[in-house]
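For reference, chains read A, B and C in written order, and residue numbers begin at 1 within each chain.
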Amino acid sequence: MAAAARAALPRPFLPLHSSSRHSYRLAIPPSPAPRLRGGGAATSVTAAAAPLQQQVTTGRLGDVIEAQQFDRAALNEIFEVAREMEAVERGSHGAPSRVLEGFLMATLFYEPSTRTRLSFEAAMRRLGGEVLTTENAREFSSAAKGETLEDTIRTVEGYSDIIVLRHFESGAARRAADTANIPVINAGDGPGQHPTQALLDVYTIKREIGTLDGIKLGLVGDLANGRTVRSLAYLIAKYKDIKIYFVSPDVVKMKDDIKDYLNSQGVQWEESSDLLEVASKCDVIYQTRIQKERFGERIDLYEAARGKYIVDKKVLDVLPKHAVIMHPLPRLDEITADVDSDPRAAYFRQAKNGLYIRMALLKLLLVGH
Amino acid sequence: MAAAARAALPRPFLPLHSSSRHSYRLAIPPSPAPRLRGGGAATSVTAAAAPLQQQVTTGRLGDVIEAQQFDRAALNEIFEVAREMEAVERGSHGAPSRVLEGFLMATLFYEPSTRTRLSFEAAMRRLGGEVLTTENAREFSSAAKGETLEDTIRTVEGYSDIIVLRHFESGAARRAADTANIPVINAGDGPGQHPTQALLDVYTIKREIGTLDGIKLGLVGDLANGRTVRSLAYLIAKYKDIKIYFVSPDVVKMKDDIKDYLNSQGVQWEESSDLLEVASKCDVIYQTRIQKERFGERIDLYEAARGKYIVDKKVLDVLPKHAVIMHPLPRLDEITADVDSDPRAAYFRQAKNGLYIRMALLKLLLVGH
Amino acid sequence: MAAAARAALPRPFLPLHSSSRHSYRLAIPPSPAPRLRGGGAATSVTAAAAPLQQQVTTGRLGDVIEAQQFDRAALNEIFEVAREMEAVERGSHGAPSRVLEGFLMATLFYEPSTRTRLSFEAAMRRLGGEVLTTENAREFSSAAKGETLEDTIRTVEGYSDIIVLRHFESGAARRAADTANIPVINAGDGPGQHPTQALLDVYTIKREIGTLDGIKLGLVGDLANGRTVRSLAYLIAKYKDIKIYFVSPDVVKMKDDIKDYLNSQGVQWEESSDLLEVASKCDVIYQTRIQKERFGERIDLYEAARGKYIVDKKVLDVLPKHAVIMHPLPRLDEITADVDSDPRAAYFRQAKNGLYIRMALLKLLLVGH
């Protein structure tokens, strides 16, 4: 085939690892940079180019890979759009949004996480977009046969406009984003990151308390294994005059890397074994589940850790009237059921905020603000 | 946060178990009652309030939990709407319905039931609505980690407008409905109820025979374990001059609770071991599968029961010309394949009626008549 | 019920196995034949009749069951529509297609094949249609309970407008098509056929090279077990002056039935053990994965076969500038990763073409050209 004829052919899969790749570390790049990777000669306009071009001129996000990629300005923008999304969702029945009409999201989940998946899919649908679902891509016949994640991504990007990836390996989301010519959102990659959870946590604090600067935050429970509290610590450190209390059984204490990071950011923190005393001083008590699956055969250690710090009526009694209780869910008995009816129990509102945050991210990634 | 500021916040998850809860026992409440549970102060308008308010003014159903909740007036209304749905479905390609545009249904299936799931999802789609699917929520990571059904429901109701629940535990649907602020439809809860199956069965009798009063109905096969025939018996008892024949192997005879109920409702019934004689007198022969899974290791008993009452050409020979054969499906060999081509074989039309009944219920629950 | 009343009832499930059945062997029937099977008296207009009637007057395909069913004229038409689909997909975001609005596709997959499933579902969505998904119908509760494929099809056709079937048994697609009153597409039935893969392969050759007549094609790798290369051989034989080179380890050589068929069609072929020499003469090198699962316990034979013919930089060095490398995916290491960045690496474009071919087939089957 003549070179000219070839040039006219679609080339959706251009050479990878281009150095001109739009960096995901920059939430707000200094100037709009083309998302197309690898050369991107004028003749190689791809079938997927239209939305990407559109994104270049209006959008500001490339991919969503880790909590640290967002600065305060980016967070503000995301939260502002999330706030708008509450009205969009409310209006669904009378006049459903068409903002993402004609866009197709692929949820590629290598491990099941129904809560996260449903929340992303609801977000896409509430904006008028469509969804391709893979509930358990680990059994993806191709993956089972030894296909690399990169090859899977190159195939799936041909069928969709954005990929939401849940994976069991830390770093998988970054590898996917480095490969794909369409946006990638990390919906949790193993022990690594779960940035949309961190965003919805911070958004919930802002939405419930009204501010982020000056917040006093009690992190309770499994602080060693929970990527949730780790990502939240990274993100909240971007705000001023933060004070964090760590309340956890000894076996699952917050690790030094986070403590060092907080020190480097000038964030005050202290450890405490007195949940009631901490609760009396905090704006937010963030409870977490002790993750049994991390204890292996040491069920005795698990049982001891599990019962140590429970949020119950006694905590409510000392908790300030304006404060709230949060939890990433699922919860077992680390928050007792009689807490649910207290207006300060914010955890189901927090889950709902996941919808708004994901709507905001999908909108920002696909069509811009 | 000031109380005033808090009041302005969304409160989708209000205190539960309110006594002002719209009872699902009342298919047609004496006067429109607000669906919002728990106080429902004027300031706590929730993000989900719009459709609920809409439902309050137009809808008549709260949840669909058990066959007994419907009286004849409610059944008539459902059947009337189901009949209209046939035309809606027929018109799908030229002018698809937008009746449920912007509504989102979550199918939360804790055990797989593809037939029921696809039928609900097709129903939602034929009305212009959207679907969030969970094919096997038992592996829902949160449920596997020990989350209660109630917590799952409180999360999923934040992402959707109606929940269709299939569960392995009797009573699960009622627990879900007691928790949710959005409508819940029971798509089968263990050995408990499967009310939409009962509705489609009764609708099929009406649609095929033209009337329900005065029907002679032969229930054949596994009458002990089939929730289908049990629910059908409850529902058909609401009509006049019903006669029911029970034809079943001794090990799976109809239980006394149903017989007692029929007696209390003045419904005539008798047991028979002569299928041909019963077939010659009936308007409807309702055949069912002998459920192997209920026999445990007694395969000998299963095999004996299984071959005892088969609907075949000999049954067709004595069956009145106007009568029909029904079966909830799946069938094995309790109806022979050569029966399929007889116009009186109604079981696939019956399956199709499941679509119309579910369209009708979704419409009635979400936007009213 | 009177016969007249019965005649007015919907009868979506007419007697089966009618001899008047629209044959799927005829891609272009001599005259439009009604798709309705079995009698089809004028009074038995079914709920599903409208789209079928529409298809009769405008469409030309009945079902898609095997590669051999298509003649050159049919292939040309499909490829022409596929080419148009590239523009339809490109325009998705601004003005999404409504060509299949109101149509519902059921993907009934008895074995997982995420790539194929997502590609069909994306195709349907890009045309404005809707999807009912079954990711693993083998666990379909009814199939597990012993329901026949035919009964499942008769149920699912009541809920949808077209069925895409993936099955583990050869011949399953034909059985489904013989049963269904709506179109069926074979998305792979065990060791049997995978006709849409063969279509996208041939389309890719045409799209990349510009012609099909006169093509020199190297089939490499597992030629004994791969249904892909077998179907491709059948289909390419319809074109003129084709030359095929078979390059494979001895244990997985092309079987005699295909060789006999090529001989009968006057297609030249030869076997070679020199991949570089073949590559230097070909327009297309079609590499395939050695299927480990076919070797059972003979891992030694697998390992020997697997490493024998690798497409790498050395192959690129001798491959003509106009030629391309194809692969049905997934690939392991039979094509090295450094080949990906060469413009002649066509395998991801090939995967993308699967979208266009499936869009074309859905359009042709449901609304015609």
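Note that in this section contacts are C-beta pairs under 8 Å (C-beta built on N, C-alpha and C of every residue); 3 or more make two chains touch, one makes a residue touch a chain.
Model, not experiment: these values are computed from the prediction.
In terms of which chains touch, the assembly is arranged so that all chains touch all other chains. Residues touching across the subunit A-subunit C interface largely differ between the two copies, under half of the numbers being common to both.
Between the Cα centres of subunit A and subunit C there is a gap of 38 Å. Residues of subunit B in contact with two or more other chains: 133, 135. Those residues of subunit A that touch subunit C in the complex are listed here as 1-3, 5-6, 9-13, 15-16, 38, 47, 49-51, 54, 101-104, 106, 130, 132-137, 139-142, 145-147, 151-152, 154-156, 158-161. Residues of subunit B that touch subunit C in their complex: 86, 89-96, 111-115, 118-119, 121-122, 125-126, 133, 135, 207-210, 289, 292, 321-322, 329-332, 340-341, 343, 348-349, 351-352, 355.
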